[in-house]
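Just so it is clear, A, B, C and D label the chains in written order, and each chain counts residues from 1 on its own.
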Amino acid sequence: MNSTIVSYLSQFDGHKKFIAFLSEVLGFDATALIAFLVFLIASIVVVKVMALVGGMGTYAERKISADIQMRQGPNRVGPFGLLQFLADGVKMIMKEDVLPKNADKLLFTIAPLMALVGVFGSLAVVPFSSGFILTDLNVGVFYLIGVSSLVGVAIFLGGYSSNSKWSMLGGMRGASQIISYEVPVTLSILAIVILAGGLSFSTLVNAQGGLPHQWYVLHNPFTFIGFFVFFIGALAETNRAPFDLPEAESELVSGYHTEYTGMRFGFFALAEYIEVFVVCGVAVAAFLGGYKVPFDLGTGDFLVNTLHLPPIIGKNIGQFLQIGSFVTKTLLLYYVVIWIRWTFPRLRVDHLMTLCWKYLTPIALFNLVGCAVWLYAFDGHSIWELFSQMTAGSHGGGH
Amino acid sequence: MSSPNLDVYMPIIILMAIGVIAVVGALLVGKLIRPHNPNALKESPYECGEEPIGSAWSNFNVRFYVVSLIFIIFDVEGALMFPVAAVFRRFNEIGEGGVLLGSLLLFILVLVLGIVYCWKKGDLDWVKSFQLSDEQIKQLNNVKES
Amino acid sequence: MFDNILFLLSASLTVVGAFSVVLTKNLMHSCVYLLAALFGMAGLYATLGADFLAATQLVVYVGGVVILMLFAVMLTGGDQDKENKFGITKVPAMGNTKTFIAGGISALVIALVILRLVANIAKQNPQGDLPNYMSTVVEIGTKLVTDHVLAFEISSVLLLGALVGAAVIARPARGDDQ
Amino acid sequence: MITLSSYLMISLALFLSGLVVMIARKNIIAILLGIELILNSAALNFAAYTRFVNQNIEGHIVSLFIIVIAAAEAAVGLGIVIRFFQMRESIHIDDAAQLQS
């Protein structure tokens, strides 16, 4: 059944004792209250970290682009310009909030809200570790696809409500691009779901191992192609270059947020950066082994057995190793995303649609069929297991 | 366990509430400290310094609709395929994978027929009307020469 | 406790969204209120233990149908009350008092009939409990390829028909573009 | 206390809203919005009865197919609307009364 961060905590004695103590003091069953508090604290932690990731994302974007273009990048605020994003945030709040005269005021206000709600909603199922996953829904991946499509609606409404021609063009382009690229992304995830046999993120991750040859990306040739299809589709879904047509500076001024100023623009930008993190996290969880640590260090059994640590400490150290593994892989992908942005030129809009419908979607369908047939033909063994069986078999035959 | 345990949806509600509170709170806090002196020029939509003509809410090309149409069909087929994909492994383990593979492949085949039709009819081309045939180009050249 | 909160939130979002669809005069706004109502429906499915249906509701409606509706509104010229090319004056496209009175009366009649039917159910007040599913996804998947495999396959044919039909209908006639 | 009747009441509210939208509005797209509301109320009924009365997952499957059919209906319906707009430059339902003499 669904496991959450609360069900992870409730296996420790201290948690139970605390609940019993609190129930005695308050005079009613405190389990629900504690669950709420744990969820609230964990959610706030996740949101704070994600806001930091979003803020540092803008900083990293500038530093890496500066590095690629042999410039200095931001270096005034704080050491190495690290506090630049705080300065940007203060600037955003201080900026005047301009509401265009002919704008649709209701939609203009709720569009950034919808983008942020969609992205925050998708954070709930990102698997940081086997214990620290806010909620491991049975329909995790599917839910994430659904709730993150709110961002597409938000971009369309943002473009529509400004009543500016640039915004409208950007919004239409953005919505059609996001929905188009959702098709190859969904089909690639479907291929992984077939192999893993479940929709929840823990199923996806637990079907993989810690070492690269146990990851789904190297499971068989179809998933290898599928990873790149997913990654390209995810780039396009988050409006990152080379697919940033909805906000193409050279043709559409600033796309769907041309008329947005100050904090409202800031929310769109924050939503975009967090969404990049989320899709990188999904790519890591589905294809790159997720939170798995090599040699099963993540479960903590190794530490308990060799170093004779108490089980509770071993387990928690294992959790931190898992979080480290997940975050490291995700940030590496994040770096690749930024790297791609500053390396490739932007696509033309007809090339964009051709790429999606005539290349990625047929390839993704082919991968889906291939994975289904692979599972049926080889009982879900990866290509490495087949190789090792073959070599073992030939040795056996030789003797 | 009698009724479904709904606590798993709690983080989603909390996170969405945090999103709403963040937006509303930042806008309200910002209201206290940011300047507010609008004028007619500032409030007009940005059109590179030109006077805006007419409303932006006008008709768009129908190809946007065709794209979203193909998308929604794929979306729904994905929604139907997800539970089947999720049980494929279980069926395969008890030796019934062949039946499931057959029905899944049939389903995908019908889906592929749809996209092949749209491909042949040119619904997937973004700039259909601008691609001239060789004959039309020849005609154009003739016009130029004469 | 949380069950009730989730139910109240989703129910109020659904009902308020649905009523706003009725009351607003702006087509674009009513699409957005419909989005709110459908989002609330996903929450209601979640309270019913139908997690897969909730996710499907999100994927198909929030990501698909509503975007399709918004695109259709844009393709037909936004939400302005356009006169048609014959210049005939008619009821405004979003309805006037007369049409709303007609709609209200018919709704009242049907509501009375349905309430009369529902009254029996409210008296019985069935209190079934859900069996302990592994997850509804597995149950639905198993049913889809065993008992309901025909419906599963035929739905793909239905969707193929919808795709081809809608593409043929919506495609601009030859020469329209040039 | 959440009972079956509360879900039925929400379903009724959705149905009545859809009905009023369908009768009162003269914009074809708005009428399609009403149809979506009515289909959703039907799907909610199936899911609610599954939960409270017969504990049979078939209700969920019927709801799933309702969602599928609603999506297909919306696709075809909006296609017709767009074609109609291209021909008549209007999406007023009274302009579609050609057969009515």
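Simple rule for what comes next: a contact is a pair of C-beta atoms (placed from the backbone, for glycine too) under 8 Å apart; a residue touches a chain by one contact, two chains touch by 3 or more.
All values derive from a computational prediction rather than experimental measurement.
Any chain bridging subunit C and subunit D, meaning touching each of them, is among B; the list is complete.
Taking the mean of each chain's C-alpha atoms, the chain closest to the overall C-alpha centroid is B.
Looking at B-C and A-C, the interface holding more C-beta pairs in contact is that of B-C. Averaged C-alpha coordinates give centres for subunit B and subunit D that are 22 Å from one another. Averaging Cα coordinates per chain places subunit A and subunit D 34 Å apart.
In terms of their C-alpha centroids, the spacing between subunit A and subunit C amounts to 29 Å.
Residue positions of subunit C with contacts to 2 or more other chains are 2-3, 47-49, 52, 56-57, 59-60, 63-65, 67-68, 71-72, 74-77, 129-130, 136-137, 140, 144, 155, 159, 162-163, 166-167, 170, 172.
Looking at subunit A, one finds that residues 1, 32, 36, 137, 142, 160, 172, 175-176, 179, 182, 198-199 touch two or more other chains.
The set of subunit B residues touching two or more other chains comprises 7, 9-10, 55, 57, 60, 62, 64-65, 68-73, 75-76, 78-80, 82, 85-87, 90, 111. If each chain is drawn as a node and touching chains are joined, the picture fits none of the line, ring, star or complete shapes. Applying the touch definition to all chain combinations yields A-B, A-C, B-C, B-D, C-D. Those residues of subunit A whose C-beta lies close enough to touch subunit B in the complex are 1-2, 4-6, 32, 35-36, 39-40, 42-44, 46-47, 93-102, 112-113, 116-117, 119-121, 123-124, 134-137, 142, 160, 162-168, 172, 175-176, 179-180, 182-183, 186-187, 190, 193-199, 253, 258-259, 262-264, 266-267, 349-350, 352-354, 357-358, 361-362, 365, 368-369, 372-373, 375-376, 379-380. Residues of subunit C that touch subunit D in their complex: 3-4, 7, 11, 14-15, 18-19, 21-22, 27, 30-31, 34, 37-38, 41, 44-45, 47-50, 52-53, 56-57, 60-61, 64-65, 68-69, 72-73, 75-77, 82-85, 90-95, 99-100, 102-104, 106-107, 110-111, 114-115, 118, 121-122, 125-131, 133, 136, 139-140, 143-144, 147-148, 151, 155, 158-159, 161-163, 165-167, 169-170, 172, 176.
Those residues of subunit D that touch subunit C in the shared complex are 2-10, 12-27, 29-30, 32-34, 36-37, 40, 43-44, 47-48, 50-55, 57-58, 60-61, 63-65, 67-76, 78-83, 85-86, 88-92, 94-95. Of all the residues in subunit A, the ones that touch subunit C in their complex are 1, 32, 36, 104, 106-107, 110, 137-139, 142-143, 145-147, 149-150, 152-153, 156-157, 160, 172, 175-176, 179, 182, 198-199.
By the touch criterion stated above, subunit B contacts subunit D in their complex at residues 62, 65, 69, 72-73, 75-76, 79-80.
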